[in-house]
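Below you'll find a set of structures to go through.
Shared chain: chain A. Partners: chain B in the first complex, chain C in the second.
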Partner chain A sequence: MSERPSAYPYVWRLPLLIWQGLFFVGPLVLMVAMSFWLVRNYRMEPDFILDNWDRMLGRGYFWDAYWVTVWRATLAAILASLIAFPASFALAFRVSETTRRWALFFLIVPFFTSYLVRIYAWQVLLAESGPINGVLGWVGLGPFTMLNSGFGAMVGYMTLVLPLVVILQTFSLANIDRNLIEAAWNLGANPRATLVRVIVPAAKIGLIVGCVFAFILSFGDFVSPFYLGGSKPPTLSILIIDTTKSGQQWPRAAVVAVMMIVTLFVVAFAAVGAAYGRRK
Partner chain B sequence: MTTDDPLVRFDGVSKNYGDFQAVKGIDLTIGRGEFVAIMGPSGCGKTTTLRMLAGLETPSAGTITIDGNVMNDVPAHERDTPMVWQSLALFPFLNVKENVEFGLKMRGVEQSERHGRAMLWLERMGLKGFEKRRIDQLSGGQRQRVALARSLVTEPQMLLLDEPLSALDAHLVIRMQGVLTRLQKELGITFVYVTHSQSEAFAMADRVVIMGHGEIAQIGRPQEIFRAPKTRFVAEFVGRNNILPGEAPGQELVVAADRMTVSAEQPEGRAIAAEFVSEEFAGTGIICYFEGPDGAELKAQVTEAQLESLAPEPGKRFWLSWAPGAEHVMEAA
Partner chain C sequence: MSKSSFTMTRRRMLGGAAGVALTAPMISRAWAQEPVQINMLAWYGHAEPDMVAEFEAANNVKFVPKYYAGGDNMLALIAQSPPGTYDLILSDAEFVQQLNAAGYIEEMDPSLYPFDDFFPEYQKFPGHWTDNQLWSVMVRFGLLGVSYNTEALTREEAMSYNAFWNPKVTGKVGHFDWHLPSLGQISLLNGNRNPSPFDIDGAAWDAVMEKTLSLKPQVGGYFDYGGTFASLKNGEMLAMAGIGDWITGVLQKDGAPVASVIPEEGGIQWTESYSIGKGTTKHDIINKFIQYMLSPEGQVKSIQMAAYPGLSPLKSGWKAIQDANPAEAERSGLIEGHDQSPIKLLSEGRLFFRDIPRQQSLEDWNDFWSEYKTA
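Then we have the complex of A and B:
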């Protein structure tokens, strides 16, 4: 009695499948395979050796870079979420619909200009003799070294992720059913308890998504740690560049890249679990 | 019952939103243990009135007193005025028991007592065994009862209800009306019930407040409102009656549909000739619709036996009359 399945739905899915296969699964498989290849006389040869994995994961500098990257991305995600929240809260609850629309438009504007250009601008602003130190010097502070430091990199990460985090948080906060907030007041929750017990749990998914996006973007970013962070200590993306430049070590760079992807998968799954968790 | 020691007093309370005046200087007292329904068409100010009582809106003028205290500047979370929303506003991220415990938790009641009181109310509302359920795993009627338990668990002296039954299926509405009236009698607390449904208001309330255009049009017991509507607005809103020209110019009478007699022959005294239009079965009787002089719609409630003997057909001519004293003279608009 089984019906022959119609080919129609499959035809519609085909473009997406081809795209995903060609530009995601294919390169991923190739990269994983490449991590087992051999480099001889600056040329790669397909092989199956564990030497690349052994060398990279056996080295202290890989793990130094790994934990620096994880730590910075975590800090950037938390910092961005905290900095963004008051702004998102104001946009969601304190301003008119029109103001909110304009604000969201202006939050998209930064994406019009190249990220690299914005980072160059920060190089000027944060320089030892730059305008920020100039103003601080005027009130008798500094000069501070802000470039080529963890602080500089963090400024870059915020430039990259803050607009997106504010947008995601604002949407999730603005979509909370207002009756839930009123119900909380009505049941005796003061403004703080309402925020902690109702607003944050109700917007949890959007807040976590914003936080995870900040982590993912900062984790893989090369520009900020390089141009503002001074590449010391190197992050994983800087490590990839260094590795490919030194003796065509693409297989070892592939090891780093695979480790990054695995990490992001773990973080993304953990986040989805946290966002939709406790729903038995 | 209402005026000696009222629980709630509205004195000249208004609410403006910019140029729009949602509530226009209303005076209202609500007694302890009274079931008051505030009824009116949408936009009449009934929900705004309720929200001011809960502290979710601030009056633009006038004072609201609860239990002798002026409440105008008391924030919502410091009032003891739990409310049941039309959407119920249950917290989707908390389970049934956590929802019921919320108000106790906010008042700093410790966990063991919270648990005990929440379980008691869940049992009372027939929700035993559901305490760990998620809200979206409940039926409409069960959610309704969770919302009631959540509001009543703190033992308030007053419960506010904002069209709580309008999202339910018809058969559940009747059942919940029974649940609500029984609860109100058992607890002996004040219920303030906002609705646009006169059947809900008349079935449950001790007193009905009819609002229109931000003003109170009439306050009275359901029978009073039904038999003796003060104005044409009230009469039309209540329905199931006939609005007829009175003897004096500009004067209007109202005769309830169940006080109207239908006869095939012209009776003695005042009677109106009308053509039968249609009939509608209404549970306790049958409402017959007629077209009177000038195209006015007239209604009369008859029994099944009467309907059979009248054998009406559309266009057939009848006489509508009423016993002396059955009519009520309304105030001129």
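Then we have the complex of A and C:
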């Protein structure tokens, strides 16, 4: 007699399925559907028109905003990864377990405060009459225009992503099998070769995940390019705001949002491929 | 000697007093009538205590505001709400016709409002009347011109929109991030005054776009309400297009070296008006509130509104602010013959009511604004 299949494992999977359905698949389907809807008298009406796609993808300003967003997010991801790595390396290999725990705690602390509040603080610091230019002025430099510029936006991106990237890199580096590093030394590898040929490949997954998270968060961020970048030029998230503000064109905003999601899917899958792909 | 059945001990007295104290609010609450709730749809500030607290206390009403940012946002909020949701709607004048066309507002009785006290130029405000039917009552307005840092530009330099191209403000010209006022100002600079900077043909529109794009190298950013305040206050922006005293007036009170002028090419007037929401049942109290806001007392409050100052369209409003706060009357030009007096500017043909584009669609203007921002 065959054994009856147990419902037990399915029950455990249920919360995840419900969560994904309610908070990801459902809204995503609605958003895709909405991109074909019509706005009449400031009210959305379900329909199936291609006009929204045609209008948004046919406009030069959409593609300008798209490539600006991709470029800035890429730069932010690379910068965050490079800036984070020395700190992560030190936390993983050069400090005691206690120090590492405290350091990780202090990396989490910034998340206790509102990101917007931190950006407002940067507005004061980066202003031409702000303290940073004040200090530079004492040594005969500046004043420099840092606010309402690409530099300002990048400072904001770093504020958002850097602590997270350091945490992810640190976990990844700290979990490397120390025997591999010792073996490299015993085989005569110098520190640089050990880093490039042993440590980085061994921590590859964590490093790529950190980089991808930095890209994703920067790609969708509205606050930094708006409040520190002066909307100059607008990114896709600013374009969404502009589109909804004027004429309540939520369907056209949905087109922008779908394009953003498609881009992030492509980047995420490419990153997963790079992280888990077979080594040569 | 037998004890009485009730002895007032200290404990009992304290207990009784506590009971009375605890029940007193319930008794007084039962006696007092619950305040009538008035749902107001408005720009930020109109239902704040500095504007409505005295009226609320005197009439046992409570304003419940829903604040919006921009006419489109206002129309969307009404469109997505059941009829009767909003008792009182404060809108920009150029959107009154759309409110009326969509059936969101009720006809008003002109005899209830002091139209004789309005300056003649504002008695029959465009879009507020259809023949002799009244749909909205103007309550305040303001002027949009050149706003500038007084330490960077002189008043004479600011007396033309060409100030935005002045090398002294390269990279420091900000835009309030809304296409209508900024493009309207460029349209004025291009000489589009007859009939209005918003009523221009295709060739004039092309010229406006070209002129606007030439400003791009001067531009330091595009800002929302808060960003506009911050960037002017901290000196990041030295000149700002698309705004006026409604921003710099607040900053001046804070000691910031900023000012606004209506340049020689002319200025743009924003106008705020009250309408009665379709489906409301509170006509009497709403009319009473509009009358209050049009009274000298209400106009003095409106002129000095904490969120952003406005001007009075009523003769008695000017007189009242001249008596109550002469410095403010002088600062805002609410004195007959003042060189920034709106009535003088109107008579000189230098003031134009903000409008929606008449020969292009709003989408055309908005699309160009997006192109300009990414250029």
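As a convention for this text, the second predicted complex is superposed on the first by the 274 of 280 C-alpha atoms of A that agree within 3 Å, B and C clash if a C-alpha of one lies under 4 Å from a C-alpha of the other, contacts with A are read in each partner's own complex, and residues count from 1 in each chain.
Everything that follows uses one rule, which is that a contact is a pair of C-beta atoms (placed from the backbone, for glycine too) under 8 Å apart; a residue touches a chain by one contact, two chains touch by 3 or more.
Being a predicted model, the structure only gives us computed values, none of them experimental.
**Student:** Applying the touch criterion given at the start, work out whether A:G188 contacts chain B, chain C, both or neither, answering first, second, both or neither.
**Tutor:** So A:G188 only meets chain B here.
**Student:** So in the superposed three-chain picture, is A:T98 touching just chain B, just chain C, both, or none of them (first/second/both/neither)?
**Tutor:** Neither partner.
**Student:** Output check: A:S6 vs chain B and chain C. Expected answer is one of first, second, both, neither. What do you get?
**Tutor:** In the superposition, A:S6 touches no partner, neither chain B nor chain C.
**Student:** Could you let me know whether more residues of chain A are touched by chain B or by chain C?
**Tutor:** Of chain B and chain C, more residues of chain A lie in contact with C.
**Student:** In the superposed arrangement, what residues of chain A touch both chain B and chain C?
**Tutor:** none
**Student:** Show me the residue ranges of chain B that touch chain A in the complex, using the header's touch definition.
**Tutor:** It comes out as residues 54-56, 75-78, 81-83, 85, 87, 89-94, 102-103, 106-107, 132, 134, 150-151, 154.
**Student:** Help me check something: in the complex, which residues belonging to chain A touch chain B?
**Tutor:** Residue list for chain A touching chain B: 177, 179-180, 182-191, 193-194, 197-198, 201-202, 204, 279-280.
**Student:** Using the touch definition up top, name the residues of chain A that touch chain C in the complex.
**Tutor:** Contacts found on chain A: 41-43, 59-61, 64-65, 68, 123-124, 127-130, 145, 147-148, 226-227, 229-234, 239, 242, 245-248.
**Student:** Can you name the residues of chain C that touch chain A in the complex?
**Tutor:** Residue list for chain C touching chain A: 69-70, 72-73, 75-76, 78-80, 102, 171, 174, 177, 179, 219-224, 227, 230-231, 234-236, 362-363, 366-367, 369-371, 373-374.
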